[in-house]
Each structure stands twice: as structure tokens, then as C-alpha cells.
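The letters A, B, C, D, E and F name the chains in turn, as written, and every chain counts its residues from 1.
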Amino acid sequence: MTEHQSDSARTNVHVIVPLHSGNRTSDTAPFERDDLAVDIVHINENGPTTLECAYNVARVEQEVVDLAMAAERAGADAVVTDCMRDVAIATAREMVSIPVLGPAQTSMHLAAMLGRRFSVLVTLPRSIEVVEDQVMLHGLKDSFASARAVNIGVEHLHDDDELLVKRLTEEAKAAVVEDGAHVVILGCTAMDGIGRKVRDGLAALGHPGIPVIEPLQATIRMGQILHELGLSHSRRTYPDATSYLGR
Amino acid sequence: MTEHQSDSARTNVHVIVPLHSGNRTSDTAPFERDDLAVDIVHINENGPTTLECAYNVARVEQEVVDLAMAAERAGADAVVTDCMRDVAIATAREMVSIPVLGPAQTSMHLAAMLGRRFSVLVTLPRSIEVVEDQVMLHGLKDSFASARAVNIGVEHLHDDDELLVKRLTEEAKAAVVEDGAHVVILGCTAMDGIGRKVRDGLAALGHPGIPVIEPLQATIRMGQILHELGLSHSRRTYPDATSYLGR
Amino acid sequence: MTEHQSDSARTNVHVIVPLHSGNRTSDTAPFERDDLAVDIVHINENGPTTLECAYNVARVEQEVVDLAMAAERAGADAVVTDCMRDVAIATAREMVSIPVLGPAQTSMHLAAMLGRRFSVLVTLPRSIEVVEDQVMLHGLKDSFASARAVNIGVEHLHDDDELLVKRLTEEAKAAVVEDGAHVVILGCTAMDGIGRKVRDGLAALGHPGIPVIEPLQATIRMGQILHELGLSHSRRTYPDATSYLGR
Amino acid sequence: MTEHQSDSARTNVHVIVPLHSGNRTSDTAPFERDDLAVDIVHINENGPTTLECAYNVARVEQEVVDLAMAAERAGADAVVTDCMRDVAIATAREMVSIPVLGPAQTSMHLAAMLGRRFSVLVTLPRSIEVVEDQVMLHGLKDSFASARAVNIGVEHLHDDDELLVKRLTEEAKAAVVEDGAHVVILGCTAMDGIGRKVRDGLAALGHPGIPVIEPLQATIRMGQILHELGLSHSRRTYPDATSYLGR
Amino acid sequence: MTEHQSDSARTNVHVIVPLHSGNRTSDTAPFERDDLAVDIVHINENGPTTLECAYNVARVEQEVVDLAMAAERAGADAVVTDCMRDVAIATAREMVSIPVLGPAQTSMHLAAMLGRRFSVLVTLPRSIEVVEDQVMLHGLKDSFASARAVNIGVEHLHDDDELLVKRLTEEAKAAVVEDGAHVVILGCTAMDGIGRKVRDGLAALGHPGIPVIEPLQATIRMGQILHELGLSHSRRTYPDATSYLGR
Amino acid sequence: MTEHQSDSARTNVHVIVPLHSGNRTSDTAPFERDDLAVDIVHINENGPTTLECAYNVARVEQEVVDLAMAAERAGADAVVTDCMRDVAIATAREMVSIPVLGPAQTSMHLAAMLGRRFSVLVTLPRSIEVVEDQVMLHGLKDSFASARAVNIGVEHLHDDDELLVKRLTEEAKAAVVEDGAHVVILGCTAMDGIGRKVRDGLAALGHPGIPVIEPLQATIRMGQILHELGLSHSRRTYPDATSYLGR
């Protein structure tokens, strides 16, 4: 992060990956722009390999918040967590002043701006309930069509990319035809990068013009503009809790 | 817990206090009955002294789940967490099969059965948003009147019991008169035991017949009857995640 | 009820069956416990044989309330009406101070505590609308998946118990697969006693871990603990109307 | 009703007053038109003098349905019950095919057509909850501002007509200013006839252009046009229950 | 309109057709009654031939409002716009004092009075979203089952009346069976006149007693009774904007 | 716009001001960035001077859509309309493929991401209902606290900037204290530029950390990133209607 700090012309968005680095590369190239620097950090090597259960989320939550606090101290302009569980978002917002965004909440609001109802395509059926809880929590029930699973766990997501696109396209079509979805959200940040293929696949199946949101990419950009607009989360919703440290 | 295991005639409810034992006594007497045995365990000595911020909740969540798993292994019939943040409830439900109940969710449903709308009286204003999130998450918005704070932090809750009752009664009255509350929930489990005084105080102020729910007491009993009715949480909402241990 | 009155160690729940006694036995054995005495009374011999239409409910409502008032005078600690129409619940609550519970409202809140959404399995299609009205009235829309009918009227419910279990299991499966139910409520109190069979049948069809609530049993226990917790319905929602008697 | 039957050019709306005739006159003149005949019948002399409690509603419900069935047999084109509790509406709809309307449900939908939110001005505070239940049941929560009471019981409503108008105007103003009401419904059919005075009073207080709905008048006209449009309640919502008579 | 003005015994409802006269006849006969005079005016010859897109609605909105203002000046008692898009309703209400009704809003409230949930049968799929927006706007989500399209554009609606009835009946059945509709609204005012055939068709398919609302007819009558009841839209929701003319 | 077309490195957002140019300057400087070019066009000289009534919106809607179509043909990447009425947004989305954003919908979703509930501070009370309709339409009711007016019409908004800030700060405080707002949206795009003063004023009154959104600025940036993310509105919600041109 050192070099970015002095780079006053660029906004610096800090991405926290709540998994140990074995799973995900740290290539920031796809995200960076002339006006945007991106840092990616992983939690320590003892972290879980998947967040497809709440227990593993519990294991990493404190560390993610600590990393967000470190990022703010190091001069980051915004923090994004790299998991659709929106791990530790609310907690971190109580501890830092810079914008902290989760890809699920961010994608859902973007989707709601683009069409009447969205569906989220998750990895395993067990994540469907996670999406439904987020929808309830954020008061987005009236913009929600459904959550559907492709039945490929995150650890095997990229074993066969063609299969992944095929399954996402099938479930996206079902979401449109059976659930009334008008917009589709890829329900795992590890799916970033194949949104266009799913959109084109949907069009080829007779459903053109359905936006497909890649959540990590979208959330990083949202973090950028929130910072540049001088906005961050409300202290009324997320009261400053730094005074509780050590109690 | 050893002695209870062999006591087949009594249901054993295990209460997990997500604070170190300095704060709370372990007196099970007020809860026990001929048909109900209660165990109370605290998290380890390094735990926080208050859960009035999300960060401290993050610190204890994994340990609370571990304690719930230990309780199930030791033969507990139901688990209750002793904090209105409903700490780790959803996570623990993925890891054990016995009923796991939080006092907030439980009290809110009880309250909704007793009258049109409830208010929750919390310690500090910062907990108001916690209640509002719970209401949204549980889909209880149409039964919710308001959350109000007595402005006494949990660490000072019992510095002056008379003041506490006075403040609770004042806010309860405001909830009834200004917010349309028909039922009142004491919004911190450390307030258990003074519900009757608040109810009587309300009556003295011209508002008789307003139920005042003491959440811990109520949740322990709910845990008991769920077990005795052969009910527990749905595996559809809380899919078994024990296979994720160690991943 | 005489013997129970002096039995101070036991809570006495009074069950009012809003049908003439021809239809239902008065065996209290399945409900009684060391700490719980149960009385069952039927309305008079001219009462209807079924409550599957609103007209018959209208015929019995006043008598049910009169029986609730008699129960309170005789020392009952709580009253439960034995029909998923929640016959006369709101009316009786205006006339007595002890808890008065209906199995529909009670089961729905229990179900909402155990999982995201519940379905109710009723006898005839004509009762589906009754459930939907209750869901609207109680503000539980966000926890409701569907109501489905087994197409066996209450008068023939036990003609073939195997068929009943089969039909309930089929509709429970459809509720889970098609309607997104996570919890199932048996939609007629005369179905009490076969919940476990339905749950096991669901598991055998590939849907384990779906709670199946037997409403009468659950409501009697809820009446017991409300009394023991010192709680009853709110006088704000159900204002005392005893002064209207005779006007 | 005999003379109306042969009067094919006029629609015949039958008004059932669920109180004994001591309370209310049967003057049909204010309601009749060239194209509209109105009959008014009261329940028998043992009926209650007020419906301000649920118990009295329970006392009259069956008789009201019987009167609705008699009205249909006698050739009535539509039935209206003369009380904002919408006594027996749902029950009667299962027993007759002609439209059956209650003034509360009808006024609320009319009000929702005329502005964003309505308030209902009831007699005593105890009726506020009745209105709230109706709003929930009919799914009109988003169009509802509040219910407010003038604190004059129905038996004394016309003791001092000037006072009644004054109190209604005061509460109407409070509904507009404090609760955001855009439309006002007089919350007791015995208030019919003073809507214009309340509207003018509101205008004099600086709130012109607030519609004030007189529910009985409006409901009778709605009954007329439903009949003339060939419409009645849905048999899906209100299945025919005449076959249950005598069971 | 001249002759009606002096006809004090009849209410005069003015129907504005937001299409050029090529498309629709001006036969007022089906609507008129002894107590009701109906005028029908079309927008000028340059108007669109269809309103199945928002752009054409934008083209006509100002003219429709101008016609409503002219109608009021000419003595009309109420204005109805003849298109289920409810073209210019809210705008016109700011400019005139007489009731202005749209057939969509009016039919939806009528439908909600007659049964639990309604479906709207539109011409082309592109109109489904229009209905969904109206439902959201009017807060009628809890009374809404679905919108379905017969896939016949308004310009070809009457090319084959038998086909139209067949398609409407098929979609009505699907609405009842698959979407839970209890009431059906014909989703284009050009469908007025075949409601009875659709209802009978539904009955022949095993679904008797489903009300089928013909929106234009119903809205004209609603306009009549609103006027006769002395009611119009709220100035709080639709503030008088005539002072903005020319700014 | 000519020079921007060849400027492939910059995203070009086109702002349409639905008022004649007398009212608003066309200074794009505050909006432009290295990566963002902004064009501002006004409607023709006959346009209204204010959009504080629906009639004036009706006057400009077609022209705004025509300008959006022209912008797309000229190579614009996104279109934003410069008025919180979100003039012609839905209509324009049917006619162009590039993102079309309104400041009201965009600000509301941004606000909902930043805190539990937002309030919108409008110019005149007559705009309150406009906000409430938008909230209903977009399904954001659960994130909405209130709309409040500063009682200064748009034509006099900048007569006294100090007064404007004072009034906005007062109403913002009332929104926070009385309505439970956690985030504030400036409810007129002509208020852009004073958000920081309102935020600081709120802090000085004891309410720090309340985000204040300047809608035009925020919407332009949202248009930029939607384009850069390859996203636009759904064709399912906004079906292509260009084939209707001329019909």
C-alpha cells in the first residue's frame, strides 16, 4: 500500500479476502484504473478455505475487521470484503470511518436500480438462505425474485469453467422464466469475469437485455465513487465503537 | 452437567453467557424447576465485558458456537445464549441439532402473540439499530412499535436498581403513548427479574395490562418446551455444517 | 376441574373444543405432565360437527367465550381452543385475564422461530383462505410459504390414517420443493399425534430436518409457560370488555 | 321488500343493522334514489345496544348471516351491514351469492383511491385495534395513516351533535398534521350525515380539500353498482358453504 | 356536452380516449343510464394508435390533462381516462377538482374488495411491468397475484373475438391455478364487453365464481357515485397546481 | 459533444436539464474528471421554469426522451436527468440502450446502502408526495424515514444561500430526531454543492456522522461506473419500444 499513499490522484480501494491466500490470486490488474488503485490482502494462513458455512464466517470476522482498521490507518480510501456473505461489513463500519462495502448489499442495490426484480445465483443450495436473510435485512424484499444454486461448491468453481457458465446460464434462464427475474447477480465473487458470457448465453436462449452483475468489480467501483463523493456509512446506523476496544 | 445427564425426567437447558464470568453470576436457582435443569457457562476469562458493539460480538462468536457443540455432546436438550444480540444463534444452529434459541427472537415472537405491537427497551441508543436489524431479519416489522434506550450501559445497569426501574418505566410509557406499543420487552437479559416492577409502574402511570417480557426467563422455558415437543430448527434454514469443520 | 384447583403445583390449561362431543374424545392423558393438568370441555350437543365453514364458527363463538369465562372463574390458568380457526380467541381475550391461545397463531409463531418460512397443511381447500387471513392479520406474511390441502374433510380425517399420513407427506414435500417451506404445520388439531410420521416420511423422500408442528400439543404447552412466566395478552390490544355484558 | 321485487328498474340494497331497533331509525329516505331502493332491517329485540366489544359481535353474527340469507331469498340485489366492524361480512359471503359489503372495507378502498393515506375516526379508543386488524387483514397497511378516537361512545354519539363535529374535526386535523392522513373516514356508521361539516371544519382550520367519507352512504352505493356491473365476491375467497347448513 | 349541462338529474361522466378516434368508436350507449350521461372525446388526429409503450403515453399526457380541464369547465361531474395505463390521472388531479379516475387503479381496488388476490390480463408481455408498477405505487402488493399477457396487441385485439375470449380464458385459468388469483381484471379497456364470456369460460373449465372485472364500465360507474357522494381526490395528495399554468 | 466522441479514454455522461436554460448554468466543471466528460443540455426555450407540478413534467417528458435518444446517437455513454422528479427515466429507458438514471432513484439506493433509513429534504410541501410515490414505486419503503420541505420554491432556492443552508439543517435535524433518519438526501438537484455545509451543520447541532447526499453529483458518477461496468437497465423491465416510433 505504501506507494499508493503518496498517490493523491488515485483513490485507493482495499480488498480484504476472508480466506487464506491459497484460494485466490492477488492480481489487482483487472480492477485498477488511472484513477483507482486496488490492494488485495488475505487473512492469515490458518483461515478457512471456504465461507460456505456460518461457522467459518465466525472464525474470520474479527480478523477481517482488524484488517479493515489496518487499511484505514494505512491510508486506504475504502474497504471492500471479497465474499458475498458480506463478512464483517456491519462490524467494520462501527470501527472505521472510510466506506466499507460488501458485494451482496452493493450488487442488490445496483440490481434494483436496473430493473424490477433480481435473482442471485449462488454456488450451493446452503447459500440460498444467506441471500434471503440479506434481502430481509436490507429491506429489499420487493425487488427480490429468487436465489438459485448452480450446485458447484466454491472450491470446485473453476474446475470446469465451461460447465460453470452453462450452469449459471441455465439457472439464470430459470430465474427469468420461473421467478420473474429482470436482473441477475452472480452470487459468488469468484464468479467475477464471466458475467458477459452468462448475459450472452441468456440472450442466445431468447432472453436478451438481462443485466448480469459481477459483484466484486461493481463493489470496488462503488467504493471508489463513495469516497470521491465524500460519502461514508451513517454513524447513526453504525455508531463508532472504537472506544470499546479492549473492554 | 454430569448429574443432569442421568436425570431423564428433567429437561436440561444450557445457557451460554458470551461474557467473562466477572459480570454475571451463575445462579441457576431462579430458572430451575422440578422438570427443568439449567446449566450456565461463561466464555473464557479473556472475553469482553460488554457486547454493546459488534466487534465484541465478533470476538466471542466462535467460542459460543464451540460451547454449544460441547453442550450438545454433554447431553444438553437445548441451548440458550444469554444476550439480546442473539449472539451466534444462526451459526450454532448449523452445528448442532438441539434447539438453539436467542432471547431477542424468542421474546419478539412471544410479544407478537400477546398484542399488536411490541417495543424493546435497550440499554444504550447504539443498541436500537441492533433491534431494528433483528426485526427486519425475522420479518416482524408489522408487529414492531419501536426500540428505546434507557441510557444506562450494561456495565452500570445495576448500579442503582431504583433508577433502572424508573427509567424503564418512563421509556415503557413513552413506547405505549408515543409509539403505539401494546407489549414491552426488556431489551437486555441483565434486566431479567424486574419485569413485574415495570409492569406495575406502567399501571400506576395509567397503563395497566401491558405485558412486560423478561427475555432470558422466557427463552429458557421456550427451549424446554421445544425439546419436549420434539421440535428443533429447520435444516432447510440452517443446513448441517459440521462437515465444514477444519476446512 | 375441582381436583386441579387445589393442586397448586400444577398449571391447569383448559381446552375448549368448539364441536359437540361426538367428534372428539376427551382423553387428556397425552397432554398431562407432572407440572401440567389439562381439562377438555366440549360445547353443547347442538353444536356443529365441523368448523370448515365460517357459519359454524359464528354459531359457536359466543358459547366458546362463555366457556372461557367459566374456566377462568373455576381457576384455570390458561385457555386453549381446539381448532385451527382460532375460534373466538380475540373475543375471549377481551373477557378474561388468563392467557387465551389459538393453535394457529401459536404454531405460526413457533414455526417462524424455527425456520425462514412455514406452510400449513389443511383438510379441505376451503380452509386455505382461512390460513391466509390469519397470516395477514398476524403480520406474518414474510414467514409464510403456503397453505395446502390434503382434500380429506375433518369428518373423514381418521377414516384411513395411513392415507392421511401419505397425503400429508405428499403435500409437505410439495410445500418444501415448490413453495419454499422450511417448516410444516399440521393444519388441523385433529392431526395431532402424527407429526413424527410426516417428518419421517419427508426425510424418506429426501427432505430431512423439516420440523413438523402438532398445533394442539404445542399450544397447550405455550399456555402453560405463559402462565408460569406471569404473562398474558395485552389489555391495549384486547381491552377489558366485561363491562359490556348485558348491554 | 315485496314492492321492490317487482320493481325491476331499481336496484334493491338491503341494509342489516346488527343492533336492536331501539338505537337506530329505519328511515331509508336519505339513501333512496330513482334507481335505488333501500330496505333496513334490525336484528331482534334481544340484540345488544352497542357493538363496541367483540363479545356483542359474537352474539349477533349468526343472526346477521341469517338475515342476509333471508334478504337474498326475498330478492335483494346486495346486502350491506350497518356497522364499521364489518360484522359477519366474510361469513355471509359464504352463504349468499349477491354482493355483501361492510362499510369499513368499502370505505378504506374508496379512501385509498382518493389519496395516499387515510385515517379512521372511531368512537372509543377500544375500536382503534379493530381498525388496525381490518387494515392488516385487507392488506391496506401502505394506505393507512392512523385510527383516532373522539372518546364519545356510540350510545352517546348524538347527545351533542355540535360536540361530535368539534371532536371529529379536532381528531381529523391531528390525523392530517401528525399522522400524515390525506383522507378521513368517519369510523362509525352512526356518524353518517356530518361528513361535510367535518370537511368544512378542516378547511377552516387550514386543511382544505381533505375528503371525508361517510361509510354507510358510500357502501350502499357501492353495493348498487357492484350489482349493476354484474359483480359479486369471489367463490375462491368465500367458497359456497350452504351445504354445511345443519351439520 | 351542452345538453347534459342543463340535465341536472343526471351525473355526467366524461371519458377521455388518449388515442386518435380511428381506433375506438364513440358509442356511449352501453354506458348511459337514466341517471348517468356519458361523453366520450378523443385526442386529436395526430395522436398515437397505441399506448403500449411509455413514449406514446408521454406524447399524449399534456393533451389528456387539457381535455380534463376543458371537461371540468364544460360542467362534467367526473373524468375517466380510457386506458389501463391510467394515463395522466395524477397530473389531471392536480389541475381539476372533479373526480378523475383511471381504470387500472379503480379496478384493482374493486377487485381487492371482492377477493383475496387479483390478476390482470394484459395484451402484450410489455404491459406486465406497467401493472406491476401500478400495484407497487398504489400499495396493493398484498392483493396482487400476477399480470399475464394474451399476446395479442391492442391493434389486433378484435381481429378475432373468439380467439381473444379463448386466450383470456386460458390465461385467467392459469392465473387462478398457478398464481392463486381469486379475481380477474381485464387488462385493457378495449376488452370491455366480454367479461361475462371469460367468467363463463372459467366456470366451464372448473373454476366457477371468479369475478371478471371490465374496467372501463366499472370506472365510469365509480366516477358517477364519487360525484354523487360529494367525494373527490385529496388536495393533500394532489395539490392544486393551476397556479403553475404558464410558468 | 463532438470533441468527446473521439475521446475514447473518457466516459461521457450526458445531463438533460428539463427546464429552459434561463434557470440553470451549464457549467460542467464541477462534474468533470480525467476519466469523465460531462455534457449538459437544456430543453428548448418554451419549457417551464419549474417542475414543481406534474403538469410541467407532462409538458417536457417527450422532449427529454427525444434528447436522450439524440444523446445516444451522438455517442453518449450514459444519460442523467437533472431533476429529482426523475423525469422521463422509465420512458427513456424504453427508447435507448445506454444507462439512463434519475437522481431520486439513484440517491435513494445510495442512501439505503449507507444507513438504515433516509429522509429527503424537498423544496415545497407539494413535492413530499412525489417522494412518497417514488419510494413506493421502487419498493424502498423499509428504508424510508420521511420527506420534509424547506418551504423555499426552486425559483427562489438561491435567493439567500445562508437561509437555504439553515432551513436544510433544521429539517435534517428534525428528520433525524423525529423521523429516525440515518441518512439525508438533498431533495432538489439545485441544492448540489451545499451537502457538506448541511452535514457540518447537523454535526454542530449534535448529530455528527449523518451522510448528506448531493443527488446530481452522485447520479453522474453512478452513470459513469454503470457504463464502465458494462451494465444498463433491464430489457425485461424496460422493453425496447423504438419500433413504436411513429405509431
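By our rule, a contact is a pair of C-beta atoms (placed from the backbone, for glycine too) under 8 Å apart; a residue touches a chain by one contact, two chains touch by 3 or more.
By chain, with names taken from UniProt: A, B, C, D, E, F = Aspartate/glutamate racemase family protein.
Given the structure is predicted, the values throughout are model-derived calculations rather than measurements.
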Copies chain A, chain F: same or different interface, half of numbers shared as the threshold? same
I'd like to verify one number: the distance from the centre of chain C to the centre of chain E, where each centre is the average of its C-alpha atoms, in whole angstrom. 44
Averaging over Cα atoms per chain, report the distance between chain C and chain D in Å. 32
When you check chain D against every other chain, which residues touch at least two of them? 116, 129, 136, 138-139, 141-142, 236-238
So the complete set of touching chain pairs is A-B, A-C, A-E, A-F, B-C, B-D, B-F, C-D, C-E, D-E, D-F, E-F
Provide the residue numbers of chain B that touch chain F in the complex, in ascending order. 129, 132, 136, 141
With touch defined as at the start, can you tell me which chain D residues reach chain F in the complex? 116, 142
Interfacial residue positions of chain D with respect to chain E in the complex: 33-35, 101, 105-106, 109-110, 112-116, 138-143, 176, 181-183, 195-196, 207-211, 213-214, 217-218, 221-222, 224-226, 228-238, 240
Chain E partner contacts - residues on chain F that touch it in the complex: 48-50, 52-59, 61-62, 65, 88, 90-91, 94-95, 125-126, 129, 133, 136-139, 236-239, 241, 244-245, 247
